[in-house]
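The first chain written gets the first letter, and so on, giving A, B, C and D; residue counts start at 1 in each chain.
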Amino acid sequence: MAREQFRFSHPLRVRWAEADMQGVVFNAHYLLYFDVGITEYWRALADGDPQRLREIFNHLYVVKSTVEYRAPAHFDDELEVCVRTERIGRSSLTVQFEIHRGSEHLISGENVYVHAHEGASSPVPGAFRELLREFEIVKPQE
Amino acid sequence: MAREQFRFSHPLRVRWAEADMQGVVFNAHYLLYFDVGITEYWRALADGDPQRLREIFNHLYVVKSTVEYRAPAHFDDELEVCVRTERIGRSSLTVQFEIHRGSEHLISGENVYVHAHEGASSPVPGAFRELLREFEIVKPQE
Amino acid sequence: MAREQFRFSHPLRVRWAEADMQGVVFNAHYLLYFDVGITEYWRALADGDPQRLREIFNHLYVVKSTVEYRAPAHFDDELEVCVRTERIGRSSLTVQFEIHRGSEHLISGENVYVHAHEGASSPVPGAFRELLREFEIVKPQE
Amino acid sequence: MAREQFRFSHPLRVRWAEADMQGVVFNAHYLLYFDVGITEYWRALADGDPQRLREIFNHLYVVKSTVEYRAPAHFDDELEVCVRTERIGRSSLTVQFEIHRGSEHLISGENVYVHAHEGASSPVPGAFRELLREFEIVKPQE
């Protein structure tokens, strides 16, 4: 997917502790970067309302992750974490991520989040669904 | 895949710092657990020879990861990280992981590793291929 | 302090992700190792009773840490985290840590823990104080 | 030390993965925050010259850390990591850190760095010493 297809991105500087003996970011940390990205994405959606942000957080759980490592990031690199809701299901969201360093596309990935309430999956609330639709051009799907 | 299909597993205790505010292991840490598992798996293959272990490490790079979160692990849980080479390609390995807590299957995942030499992918060496075949019942493939 | 002065130690293998670009364990991770050590130390004290262990955990908070880095640990090193309660105050504990690799003494450190109840410091309970005294030869102090 | 005594500070947002089950930042992560702070402090000193920054990094090793936890940081908090070179010795630097959240002073700490060359401590180079003196009002000392 082209960089331009992401409406949202968040800048992030690679920390010393995140690079390994080969001088590259340890693979698990990209999932951490995705998490930093989705937090900021949801903050943008919640329009700075911490109560609304907390509600989003409290009901979404990752059920599947995929990461493709195309090229490594290094210590001190300035990265952009791109985030995009690809699909809104009845009780789940599929979110795509890309990590770029300038014009280089380093990492691709996807998280599937399930909306849950007291341990059981529950429909994505209408208001949140609307927020997402307004923010993205997404294909709703039942 | 059933637990019995893994010839190799490594025990691991969840650390305090690895559980998040919801009391469950943060998702990226499962990739870290996979990495602890593959290290011990390769150590078993290298039969304790640190030189051989270092050679394996120096030439294998993760190019793709998948993680399915079926049920969460918690602080202080005693886990088993199960590791199995599923496929040996010309210059890549597909490794399957499962994380179990007693009889509960919590996490499934897969890493694809590419064998590389000076930045370019290179054939998995015959000796390492033999080691893997002896260790597992795998389907070699060109 | 000599290695022999510690009644308790816990083995720990350095993970790949814990070594940095210089090939040595990133400094903050030694505090993580101390935490793994104190968890196992308290587990030994609680004699495997998870309820008792949880009570210890829920009421002790670190208020000060000191770490001296004498020599670095490396990836795959087998370490021993030595733990010893040095001092039991009215509402605090001073715990000493050392990290050894075979006969080499790599790291020294100390954590001060405060016993607290609903946000306010509270006396270390008599039963826990007794457990600690039995486990160590410590100088009680008011 | 008062917040005003720090010429340099760096903003930092607490990540989800950095808060523990009690909802507060795990203690070891404050050393990581110090490291993020010193990196940005040295970047400011190096005036954006990556070669100069790398030289600083390659020759300074932490030999001692102290952290005082006055009040906890929580997930999503916006913190300021304040950094100040307190003392320039012949071959060592003492750096003070504070972490603030708005007007609240959460964390104090100190790292001692030794300047080393090929494994042996070596004098802090004159040019770096000058840079530090210009940046801070410090008491040089032999």
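Quick note on the criterion: contacts are C-beta pairs under 8 Å (C-beta built on N, C-alpha and C of every residue); 3 or more make two chains touch, one makes a residue touch a chain.
Computed from a predicted structure; not experimentally measured.
Pairs A-D and A-B differ in how many C-beta pairs touch across them, and the larger number is found at A-B.
When every chain is reduced to the mean of its CA atoms, the largest separation from subunit C belongs to A. For this pair, subunit A with subunit D, the centres built from the Cα atoms lie 30 Å apart. Mean C-alpha position of subunit A lies 25 Å from that of subunit B.
Within subunit A, contacts with two or more other chains are made by residues 16-17, 26, 28-29, 32, 35. Listed in rising order, the residues of subunit D touching subunit B in the complex are 16-17, 19-21, 23, 26, 28-29, 75. Contact residues on subunit B toward subunit A in their complex (touch as defined above): 26-29, 31-32, 35, 61-69.
Chain contact summary for the complex, subunit A toward subunit D: residues 15-17, 32, 35-36, 39, 50, 53, 76.
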